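Below are two complexes that have subunit A in common, paired first with subunit B and then with subunit C.
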Partner chain A sequence: MATQNVRRTEVQTSTRKILGVGGRKPTDASLLTPYLFMAPYLVLFGVFILVPGFYGIWISLHNWDYLLPGKPWVGLQNYVDLFTPGSVTFEPFWQSMDATGKFTLYSVPLLVVVPLLVALVLNQEFRGRNFFRTVYFAPYVLGVAVIGILWRYLLDANVGLVNYYLGQLGLPDNIPWTNELPWAWVALVGPTVWWTLGFNTVIYLAGLQDIDPALYDAAKVDGANRWRRFLHVTLPGLRPILLFVITVTILLSANVFGQPYIITNGDPGDETRSAIMYIAEEGLKNFNMGSAAAMSYVLALFLAVISVANFALFRYRGD
Partner chain B sequence: MGRRVTRQEFLLMSAGAGFVLAGCGGGPEENPAVQQQAGAGSGKQYNGPKVKLSFWNGFTGGDGDYMLRMVKQFSSQEKNIDVTMNTIQWPDYYQKVPAAVSSGEGPDVGIMHIDTVATNAARQVILPLDDVANALNLKKSDFFPVVWDAGIYNGHRYGIPLDVHPYALFYNKDVMEKGGLDPDKPPQTKDEYMAALDQLKDKGIQGFWVPSVAPDVTWLFETLLYQNGGELYNDAVTEATWNSDAGVDALTWMVDLIKEGYSPKNVGALAEQVAFQNNKNAFYWSGIWNILTFRDAGVNFGAGPLPQIGSEKGAWANSHNFVIMNKQDQDPNKIAASKFFISWVSRNSAEWAKAGQVPARNSVRESSAFQSLEPQSKIAQELPYVRFPPSVPGIDAVVPAALDPATNEAVLLKKDPEAALDEAASQAKQILKENRQKYQA
Partner chain C sequence: MEDTVSVEPKASRRDPAQLVRLILSYGVLILLTAVFVAPLLWMLSTSFKTQVEATQLPPTWIPEHFTTGAYSKIFSTGKSQTPVLRWFLNSMIAASAHTALVLVTASMAAYALARINFIGRKLLFAVIVTTLFIPQFVFLMPNYLIVDMFGWLDTLLAVIVPGAAGAFGVFFLRQFFLSMPQELEEAALVDGANRFQIFLRIILPLSKAPLATLAVLSFLTNWNDFLWPVYVLFSPESLTLPPGLSSMQEAYQTDYQIIMAGGVVASIPVLLVYIFAQKYVIRGASRSGLKG
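Then we have the complex of A and B:
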């Protein structure tokens, strides 16, 4: 406690210095130092996030094709279209948002829970632990094109290995994994979990190793069994890690593009075409960048709301 | 097809082009492409200083090797022109080229599919080539009219046709023999085709795998639509007409093949091709570009003109066209060299035919070098009745956005063919209207 208080005072003093509130008058150098340290990042952030972010809003207010001389101002029309049933973009856009939502709904719980279980196992002491850690992480190093084409052929309804082996086991061998619902969702979520669970596992492992072993010992002394120790020591200890994993997994799932693009081609019809797939099509293939930009902001708004809700849900108690 | 450019206008344009090109430092935006012809040089020879040309295309298959061979031969023959070839997958190509050209980093010469020429002309990615065609003495009579006319947008020529690649019938001889069919007599009429499928079915072979994934499913549909006397669009290109009786019949025929068991259900992306290679599928309707693939895979196959299912002959096709990019600060020497390069490849396109293409140029197609090429020369018989989409900007985006989901859902037996096509047509009408506004046509 005592050390903490001392540290807090130090921090407060230096904050005052920086802000120039009270205390001695700060020198120019001390004023600039923190900003200089942040500058390299801020420059990149500004050039690649901030400026395009605002430029995109400007684009979304026009019918924008970067190569056409006329980029007529349309005000909020691109946004209005997105909320007007019967417009060119309404149906496909919300269909794609729906597909993205479903993918997120199906994949996030699995990507949060399965890696946690894997991490708990890999956190035990046993022979060959490092080998298994590598095995679970390995698919993550592959590109989406590689895993996409791999699974597209494995899951093909008529010529795929998965159906072949199901048939050998006496199970139905004609499941249309890649072009019929609900199978297409299995074909998208399954490979995604296999592909990315290693990443979340590594994050969980780091979190698990950060939990003070003394807490487990204390719990044991108090007579807590394995399940109670998990519930009352491990989970609370992983709280910040869980927040990170859930937030990042939701964002990554909501940005899904490569898997439906390669494995299902958005089929059947447009049922598995994700929002990013449709936005890319509209903006980069049909060169309707204004409406594509508008869609991006609507999607971003959705994700911002979800992220804020997520943070609110996981906020430290008493903080 | 708009107004012809008169001789005087042409001379003026050619003379002016040099000034325009040298004078305008601005981007393509300030250089309405129609005002500037590619200019400079006759294309018959190149006498300028040493230049480097950058040539981009999407020949990622076996065809890329043949093109590279031609490029190398050209570069070693022409000491003053050094052509470097860059190959990018077609979907990426059509995104990258406009961006690269607008930033001045793009290629000098490129290849574009005929249905994308109008879009890229309207977006000022490529330059009009009327003078190239004139200087090279290329005339409509040198090509099939449908190929020649499709490269014209707004009264100007933008593409020099290199080849035509139509849909053809690939037949697996091993599978045909297994089904008791004569492997040297592929079916050519609807009756023959259905009889062959029945015979295969009796032997437990599903002889014609109907694709479900775009673009293959749509290309098959378009072929049958043409054979039934239908068209994709009305003459004014304001409406899609694929939901006509011709279209509904075409799609229903495809769906019935699946319902009656001539084809498996839910054929995945290119599974029909894999099945053909593995001797599971007898008949594969696809592009002529498969010749190299099947040859490399050692498939015992033949290829020839498609059977006629409908009331007339028809085949989906596309065509690779040479284009010259509308780069800023264009070097007239490079343009002259580009023209010479295009004309050289065009004249020597018999070599290109070996990659599994039908040369667009009549003289090459009639040459003994091409006539002795099997099966390319047989498939070339289809050229009189191939069709291309109308030369209207944005047309290349209409079918993927509207028609592809419809054919897919119908073939997956999720939607009634007529309902699916109606819905697609009304969506296409909106997109066509948007395109007209966008390109102010």
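Then we have the complex of A and C:
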């Protein structure tokens, strides 16, 4: 043992020398090594993250019609248009922002509360909890395209299972889920909850298992019932997890694209066309890339403000 | 089950209130199981029906006229607007190549960032991590133009390469590499090994779990990716499965058995990955909020 320790110290000292920490000058090769390791990733990072990060701003300052040879500089006009009632982009953009806002407003509370309840049930001691966790998480590994076509079928007004079983229960069996309001919102939010519930549940479960069991025992000794223990031990213990879940769920909801694209196609009118759906259409289908780029920065700014507010709110309530 | 928090003393197990709660819990859990499983079984069942049976009410959960007609239709090798087999291969190639690219580039970069002292390391890492907070849609327009400039539009390269620039893999692996003891490479350096040998023979073999997690996550993300391929791939034969499925809706309208067969084809590989690599998927999910 003792010899080993001695040897390790010797090794450490000599390594420091080789690494250049201890005074010996590193060779050229070792100086280059880290950059060679970084190089392949940095090429990707530079070309597809760093450059486009700035290139996007540049595009947004032009009337950038991909199909036309000239791409005249327009300064901030694309941004000004977004805030000028009556401009070409004003109405559809804010309509799509409104749709995204509604989707977020309807889906986030469900995706924060329901998975928490499921996680609390799963966190008890009983046989088969891993089985249930596995099943609930399963839809999340499927892509939005799969869940989209599946739910569009299930929600088909004439031949869908949802209307059929509603009818069996004596409820209306002809609800136009995918193309009338308010049903279209249910057709977007319901499948989204079904799809992503397992993801938030898994995160909550990890958080619940990090709470010190001694806290529960202490609360019990103090005579706290289940509800009080939940309120005074579980919730405070989950605070960082809650902040994470709420923030991530808001961001993911605000990014919604596939569900309205496949399930409602933005119907009725453009009532359920999300911001990303409009931006992608405007930029990559109609090739008005300048204004689409401007819209993406405005949306990003919105999300940044919401995230910061979210963090501030949680910190405030903690103090 | 040491990891549960509401550990009740053994004796209280027979407490009637406890028993009622347990039965109620099971009731809720089994109901939820049905809610999660039934739609998937319905997709599978429909894919083996005729068009008439797929759109008839009351619904039949077990096909009365069992047929593999939908699959023959989508797998037919003739010229088709919906070559599902081709999409399947495209998705397989794209997701595998993307995963390989992520593993190689992210692990090398993460190794340098975690374990070699060099000028600019902190700055580089700060810049890379900052981009984790930029929403993906900001890169849509510029990356479309960049991919176009490379001549990659409507080719698989467009769905393989740009996504590998994301910082998540580097961030994730760096965390793990930082936790490995420093002595590992010090001894090897003394023995005359160079950094690349250390990386290949010592670091990577000890990182199988995080590498597997990253591989599974990258594969699933790429396999399921929808928005980007919808716009950068357009010829029927160059699509991956997600944009392909979406185009099937237009092509087949109410031929639900065919659309569901497409859904089954797109689901099987990811469900298999999930079943056989579940711990990596769930472990990854609970750490990957940033990835979405």
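As a convention for this text, the second predicted complex is superposed on the first by the 260 of 319 C-alpha atoms of A that agree within 3 Å, B and C clash if a C-alpha of one lies under 4 Å from a C-alpha of the other, contacts with A are read in each partner's own complex, and residues count from 1 in each chain.
Going forward, a contact is a pair of C-beta atoms (placed from the backbone, for glycine too) under 8 Å apart; a residue touches a chain by one contact, two chains touch by 3 or more.
Computed from a prediction, not measured in an experiment: that's the story for all the values here.
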Q. Touching A:Phe230, do we find subunit B (first), subunit C (second), both, or neither?
A. neither
Q.
Per the contact definition in the header, classify A:Leu303: touching subunit B only (first), subunit C only (second), both, or neither.
A. second
Q. More residues of subunit A are touched by which chain, subunit B or subunit C?
A. C
Q.
Between subunit B and subunit C, whom does A:Pro176 touch in the aligned arrangement: first, second, both, or neither?
A. first
Q: Once the structures are superposed on A, label A:Leu284 by its partner contacts, choosing first (subunit B), second (subunit C), both or neither.
A: both
Q. Does subunit B (first) or subunit C (second) touch A:Asn63, or do both, or does neither?
A. first
Q) With the two structures laid over each other on chain A, which partner does A:Val159 touch: subunit B (first), subunit C (second), both, or neither? A) both
Q: State whether A:Val51 touches subunit B only (first), subunit C only (second), both chains, or neither.
A: second
Q: Based on the superposed arrangement, let me know which partner A:Phe314 touches: subunit B (first), subunit C (second), both, or neither?
A: neither
**Q.** Residues of subunit A at both interfaces, subunit B in one complex, subunit C in the other
**A.** 66, 152-153, 156, 158-159, 284-285
Q. Inside the complex, what are the residues of subunit B that reach subunit A?
A. 28-29, 32, 91, 94-95, 98-99, 102, 122-125, 209, 212-214, 264-269, 271, 274-275, 278, 280, 394, 397, 400-401, 405-406, 408-409, 412, 414-415, 427, 430-431, 434, 437-440
Q. Tell me, which parts of subunit C touch subunit A in their complex?
A. 1, 3-8, 22, 25-26, 28-29, 32-33, 35-37, 39-40, 42-43, 46, 54-59, 101, 104-106, 108-109, 111-113, 116-118, 121, 124, 127-128, 131, 134-146, 161-162, 164-167, 170, 183, 186-187, 189-190, 194-196, 199, 220, 223-227, 230-231, 241-243, 245-246, 248-249, 254, 256, 259-260, 262-263, 266-267, 270-271, 273-274, 278, 281-282, 285-286, 289, 292
Q) Within the complex, which stretch of subunit A touches subunit B? A) 63, 65-70, 87-88, 92, 152-153, 155-160, 174, 176, 178-180, 265-270, 281, 284-288
Q.
Quick check on the complex: what are the subunit A residues that touch subunit C?
A. 8, 11-12, 14-15, 18-21, 29-31, 33-35, 37-38, 40-42, 44-45, 47-53, 55-56, 59, 64, 66, 118, 121-126, 129, 132-146, 148-154, 156, 158-159, 161, 164, 194, 198-199, 202-203, 206, 208-209, 211, 213, 216, 244, 248, 251-252, 255, 257-258, 261-262, 276, 279-280, 283-285, 289, 292-293, 296-297, 299-300, 303
